[in-house]
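Data block below; observations after.
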Amino acid sequence: MTINEYIEFIILPILGVSIVLVGFRFLMGPTIADRIIALDLLITIGSGIICIYSLFANEPVLLDVAMILALIAFLSTVAFSYYLKKRKKK
Amino acid sequence: MKNRFLGNILLTLVWVALTGDLSLGNFVFGFVLCFFILWIITRGRSGAKYFRVLPKVISFFFFFLYELVKANIQVAIEVITPRFQMVPGIVEYPLSAESDMEITLLANLISLTPGTLSLDVSTDKKSLFIHTMYVQDKEVFIADIKNGFEKRLLEILR
Amino acid sequence: MKTIILRTASNYLLPILLVFSVFILLRGHYLPGGGFVGGLIAAVAFVLHAFANDLKETKLLLKIHPGFLIPFGLAISFFSGVFPILFEGSAFMTGIWYPGKIPVLGSMGTALFFDIGVYFVVIGVTLTILFTISESA
Amino acid sequence: MAILIGILYAAGIYMILRRSLVKLIIGIILLGNGANLLIFLLGRITQGKPPVIDEGANILIAAYADPVPQALILTAIVISFGIQSFAIVLIKRAYKEVKTDDLNEMNATDEES
Amino acid sequence: MIIDTIVGIVATLGALFVLFAAIGFVRMPDTYLRISVTTKAATLGIGLLMVATAIYFDEISITTKVLAIILFLFLTAPVSAHLIGRASYFIGIELWDKSVMDDLKGRYNKITHRLNSESDKNNQEFED
Amino acid sequence: MLIAVLLGFIFSLLLVFIGRFLKGKLAVLSALVPLSLFFYFLKFIPQLSAGKIIRQNYEWVPSLGINLNFTLDGLSLIFCLMITGIGALVFLYTSSYLKGHRYLDRFYGYLGFFMASMLGVVLSDNIITLFIFWELTSISSFFLIGFNNQDPASRKSAVISIAITGAGGLLLLIGGLILGDVSGTYSIYEMLTQHQSIIGSEYYILIVLFIFGAAFTKSAQFPFHFWLPGAMKAPTPVSTYLHSATMVKAGIYLLLRLTPVLGTTNFWNITLICVGGFTMLYAAIHALFRVDMKSVLAYSTITALGMLVFLIGIGTRESILAAAVFILIHALYKATLFLVTGVVDHQTGTRNLEKLSGLRKVMMPIAIAGIIAAISGSGIPPTFGFLGKDLIYESSLQSLSPILITAVAVLTNMLLLYASFVVGVKPFTGKLPENFQNVKKPGFLLWAPPLLLAILCLLFGLFPGIIENVFAKPMLSALGFSADIHLKLWHGFNLILLLSAITIGGGLIIYAFVSPSGKSLNFIEKYETLSPRSIFLNFGNSIHGFSMFWTSVFQNGYLRNYIFTIVFFLVCIAGYSLLTNLNYRMDYASLARVDIYQITLSMVMLIGILFTVFSKSRLTAVASMGLIGYAICLFFVYYGAPDLAMTQFAIDTLTVILFVLVLYRLPKYLVLSNTKVRIMDGVLSLSLGILISLLALEVLNEPVNKEIAEYYAANSYLLAHGKNVVNVILVDFRGADTMIEISVLSVAAIGVFGLLKLRIKTLERRKFSKFKKFEK
Amino acid sequence: MMAQLTTYPILLQLLLGIILMFAWNNVKLQRIISILGSIVGVVVAVVLFISIWNDGTQIVEAGSWPAPFSIVFVADIFAATLVLLTSFAGLAVASFSSATVMPLRLKFGYFPIFHFLLLGLNGAFLTGDLFNLYVWFEIIIISSFVLITIGGEKAQLEGAVKYFTLNILASMIFLTAIAVLYGLSGSLNMADLALKVAQIENRTLVEVTAILFFVGFGIKSAVFPLYFWLPASYHTPPPAVSAIFGGLLTKVGVYALIRVFTLIFPDEVFLRDIFIVVAVLTLFSGAIGALVQNNIRKVFSYLIICHIGFMIAGLGMFTEVAIAGAIFYLIHDIMVKTNLFMISGLIYRLKGSNSIRALGGLYEDFPKISLLIIASFCSLVGLPPFSGFWPKLSLLTEAFKIENYWIVGAILLASFLTLFIIWKLWSEVFWKKSELKTSSSSYLFNHDMKYHRRIQMLAPIIFITIISLYIGFAAENIQVLSERIADELMNPQPYIDAVLNKTEILEL
């Protein structure tokens, strides 16, 4: 079993399952905060997947995407929290 | 002056790391670039005593890793076992750390270990409110952190 | 949103992100990135700063109104575009390259300056929009 | 993928047809995404390498993804960003002036004759 | 081959942590617990995945890049967790009913959003 | 001749600038313009009498075949002299009639403009050029009718007249165009040679209908006649000039001019006879019921116009001659009567026939003019009118059904006599009412022009040779008839004389027994709802109503309906086109190639879409939208587009953030539409979606062309010094796109800035008005 | 340097936009720059026009890359004509804006955006690349969004929401069309596409693509049943903005339709029938829509729609004569519609209202201005021999030749209704006695304005009126021009050669 096969048949599916689980929570909610966390988590896992995919496809270039993902995910979470608070204020 | 210089070198290294090109030209370019960036943004920030704390940093790093893995495993078990063993709650933790930097680092480190989450710092910076999964005894919990994370951290930073 | 934790973190993130943005900008010609993404990252850095601190502080930090960056960047791009017309008589946007290589950047030419112009415009635009919105919010 | 794009278009139009300002913008964004993906798809996507020339090489070799649609989409995305941000602010202002999210109540300019 | 094995192991660990985070995220009974469990587990997991990648490519530029990403992740993840947790508390999301204590209760001044510590609790008036 | 035509235009243009000098005592000088033109045209008489036709060509728009080909022949000459001659008198008369009027200069401007246009109509050989001048006459008429623009009735009449004559003008245009198409030329002169092929053409009926439409509207034939009585709102000089002597004759001119081109068919003749005959009777009867002098004159003018159409319809040489002569007769006596009416009105302040009588005591010259004109208009010897009546009966007796037609003619002429007498005789005979005792005598310029015209009525009657040689013969030859005629006043005792006698006797009896009264006016007004005018106005109203309906159906103010319509339109035509020719071959192999990643990503996207669409919380919708963006981003990664992925991701997040920043200011979602609407929208959206999917699948089956990508791949490093091909395209190969793209961003930023920072409301407006001083 | 002439109109506007942004706070300076810059723009456009007229189509390959691979700017006589007209309208509106747009609006970037709009228009006319055309369209619409909302009054915003949504929808459809066309042919260069599309075997797909283009451009050019955004919004922004919108925005859609359907889709017969149906309904709907309006600017808005029908009808008939008619109408319409909206602004300045019911007495009070306006009205109505009349001749003749009586009827009806509407409007607004008290409104009136502001307001109207009169009275020149354009459009081979053959020369 080469590392590529290993990744394709073990690691990526595990991550896929994780995505599905998180997606499930995203759907369930129940609170907005939960959805925000789910989104954050989705992006984070997404960046992990991209990372592993870059290994799988032998494309280090894709790591940059993972980096941007991580950066922006942070920004979006900050913004959402900001929103939650502002909304409360109102 | 010294702090700026250090920060500058540090940033330059970040630059070099990012570009992945350790040539002299790149270093000089990075230095100049970071100089400008720092020049634009730096405004009176207290620095750290850099060389003295380096060994402590390293030991702290491993301590942290250990805590991290330990906590993670604990939580993993909690997660996969069908019944919840946890006793969650929000604890007010009296801070010894004083500066923003210290408080932030501490709070972040606490957050990073699974099972605990720094919710907020009181406005007068005297308490940290932590949400935790295991709070059988509030005093024990506080003491754990006081003697663990906070002590080691403050040793480094002060 | 003035939590100590976020404020402190963002103060450290800001320079790192700015460096990172320049990095993305300059290597765009060789690897994924470029003026647009670079500019966005720089803007995000300032926005984070603004979220954590006060908008006023971020504006103080910038020293100039972000709106000024827009014509500034446009002008850079524009002149790198018309440069060939003025000095070579060749068509708009014709690339003119400095012969030989320059460390870090690789080749240097009008296209690079064009991208730098894009970078500034994007920073200016993003910040103008976000700042204006948060000011009026 | 083609079907997905179809669904995106359908969802976009459906959202635009609702009477809420917010949904209107969401619909426009969905449509934009659909159009971008369509360019991408019809540029004949191949599961290929990014169109970046390898170190040491002078030209793109092997199966690379078509850079042209990518560049087009990039331009389109950025433009839509500009327009969408304007749109978002526009609805905010419109709401503030007209005091309703219901587009059916925004018909003064057509009614006074 | 050895490198591949190491990569495999590290990546597996990372993936498992991510999976645990995801499971925890689904199972945990309240928002705070979910934040608490997941953000960090996932961060660790992703970190490991990154490390695996770095090992695999074994190239200085990539390694530094990966380190930068990890640093960044570790810097931001707790901050986000803090922000979202705090916001959740603000908007009044309830704790799990089996929670044993809530020191934060009644500490926020509803108007100024000032948060009082234990020590100045007595000097101020509070609302519940 | 170009100058001759343009002179009037130049004159009116000049008036814009020098009008204020011509308003005062110098007003009388403006008559120099028509007067000099009158003499200019007189100059051509010898040449024309000698059988020559004068042509002058100026190129204008040769590529459309439209040139200023001026042709002066016998027919044109009659009109030219009438236009300039009566014009000169009207100009003179006006200088006194509207003395000191604020807008006298404008009035002269319109008159000059009209005169020039009218000359253009009668001189143009090119039928399109003729149309151009024709429209200009309508416009000047519009301005003249609306001259008293403070009066709503006056404005309304002006609009009605422009509507009717404007519509007629368009008919002329289209008729002319078809005629040009059929005959291959726009020159009427050249069309003469193609008479047979034109009347044999399949478009003949169409052409004739269009030309009739134009002529009937302009010359006020039933049922388009009603604008003319309305046009009497214009000051009397205008009624004199346009609405009796010249403009309304433009339709007659057109019919005469085209008789050799389109005439001599049954269709042509019978239609004209019927319409003309009906019009003249209808209007003549209507004249009985009027009490306003101008109203009577208006209906009698319509009668005369009907008579002319009727004569042209008979289509024999005699009837054409009769028509031509009657044009002149009518112009002379009707202009006189109008001018007389004007004076009466001007001096007494009323035109009500019930109140007017015995005015000869205060305005003798006017009384003389009126009575002579009335006699001429009634066809009593030895006036010019008698000559005309003779010719009319002569031609009616030669027509297809002589008895009926002659009877109609006789009856009409009786009624015409009544009308002429009622206006020309009645106000001057009998006792002068007390309130008119002190009426001032009219000035020279008021009484001289009508008297002069009246004298001409007499003169031409006594010396018909002038008419014969100067006008009649050149006119007949211009229209292609033999010019072998001899006009005389006395034909001896014959049937025609008998008819004349009957006419005069009958007419006088009517005059004796019918007197104009308000009662009869009221009586006829009861039937107003049945009149063409009301029908026309009702039709106009229903058009207006329909327009309201149509416009409010489409432009209903509901954005969603607009979108629905547009998308529906797109789906319909694109769907029709695609489905009727669909030859899609399902490629099952491509299905098999779909791998787990694609499926997963698609599922994530689908979930995102469903949530975005159906979520009841805005934040969830926005977050789901973000999710879709992220899934797309992963697609981009999967298919080797890291640049795209980065940008899409960053942009998507920024958009979500923007949303979030403004969202809390916006209201919560409401369920605004009912289920039925939603289902309808859903069906439409889905059909669009299906359409796009089908289209995409179909396109994917087509062969692919990658030459551009290959060029970029080969040259991006070697020539453009970059290794990231996408970036090289963006900043170099297609750098122009990017330049605009950043401009778009800049504009958007400025827009956002302005939108949020600048609010002009009533309050600021008020501030702004204080601002004025700053502005100064 | 002269070799790059084709791009100068674009570059000049871009430069102006940038300079004006630098002069953000100095409104006075902005006015001067804008007017002077527009004068330069006219000079450049005239030089370009003359040089194209004499030497034929010129191209510039941006970046000096060979043709199908680069963005090509092509100045054929059609494009040069429109650039010229744009420069006229631009100059007029720049001056008119200086005088009439509130200083508050000027302080928020009015002028830079105005020049970005002109940039977009020039670019759209000159580009030879389909995607680039999309980008130009985007700068046009974003600029127009900003201009239509600048000031943020309630009516403006309501109108803007509709304007915005429907225009975005159009852009999306356009983009979709580009995607499909690129997928089919692999090219974006219009000349290249002309060759490649002709070779595509699956004509259904080509037809559907053409339909997408038609709907996309159709919304922008405001044809039935896609015009809704126009009457909802055109009367809301400052008149100067409406002027440039009314004159040029819909026309750029028409331009795109004409360009794309003569160059890339010359064989789509099905669409031609649709064009004709659409044209007839457009003429009809526009005219009767205008009939029932009370706001002058709304009347003009509907007339814009109505008159678009003439051009679409010309395109639908698709013969050289008909296209020439459409082009002539386009030339006429750009000038006259620009002028109309400036006039509506002028009326506002004179009387403080745009309501037909309320207005009146203009003729009484301002006879000379009224005469100026009447000249425009005559052009609009197509009163012969004013400018609107000539193209109808070609259109009517051609409609007869192809025996399409619907077109004939629609053209006649639309002409008649336009005539009726305008003269009725005249009788109300100019003749009727006014009941308005000018002092009641807070606007800056004509008589309050400084002398040079008044000049700035009136001069552009006089300028455009003179051009309109020229178009009418020197119709021969315009007709020759239109025929030459139509000839170039119907026989695009020289255009294609000019764009693509140069490639070979370069490669050799």
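Observations on the structure shown:
Note that the chains take the letters A, B, C, D, E, F and G in the order they are written out, and that residue 1 is the start of every chain.
Simple rule for what comes next: contacts are C-beta pairs under 8 Å (C-beta built on N, C-alpha and C of every residue); 3 or more make two chains touch, one makes a residue touch a chain.
This is a predicted model, so every value here is computed, not measured.
Common partners of subunit D and subunit G, by the touch rule above, are C, F.
A centroid comparison over C-alpha atoms places F as the chain most distant from subunit E.
The chain with its Cα centroid farthest from the Cα centroid of subunit C is F. Between the chain pairs C-E and A-F, more C-beta pairs are in contact across A-F. Subunit C and subunit F have Cα centroids lying 61 Å from one another. Between subunit B and subunit G, the centres computed from C-alpha atoms are 62 Å apart.
With centres set at the average Cα position, the gap from subunit B to subunit C is 30 Å. Rounded to whole angstrom, the centroid-to-centroid distance between subunit A and subunit C, based on C-alpha atoms, equals 27 Å. In subunit G, the positions touching at least two other chains are 14, 17, 21, 62-63, 131, 135, 138, 142, 145-146, 149, 152-154, 161-162, 165, 169, 176, 180, 183-184, 188, 231-232, 292. Residues of subunit D in contact with at least two other chains: 12, 16, 21, 24, 38, 41-42, 44, 49-50, 52, 68, 74-75, 78-79, 82-83, 85-86, 89-91, 93, 103, 106-110. Shared interface positions of subunit B, defined as residues touching 2 or more other chains, are 14, 18-19, 21, 107-108, 118, 120-121, 125.
This structure has the following touching chain pairs: A-C, A-D, A-E, A-F, B-C, B-E, C-D, C-E, C-F, C-G, D-F, D-G, F-G. Residues 50, 52, 74, 78, 82, 85, 89 of subunit D are the ones touching subunit C in the complex.
On the subunit D side of its complex with subunit F, the touching residues are 1-26, 29-30, 33-34, 36-38, 40-42, 44-53, 55, 57-60, 64-68, 70-71, 73-75, 77-86, 88-93, 95-96, 100-104, 106-111.
Interface of subunit F with subunit A (complex): residues 596-597, 600, 604, 607, 611, 617, 619-620, 623, 626-627, 630, 633-634, 637-638, 640, 642, 645-646, 649-650, 653, 656-657, 660-661, 663-664.
Only residues 14, 16-22, 68-69, 71-72, 75-76, 78-80, 84, 86-92, 94, 107-127, 129, 131-133, 135, 138 of subunit B touch subunit E when the two sit together in their complex. Subunit D meets subunit A in the complex at residues 49-50, 52.
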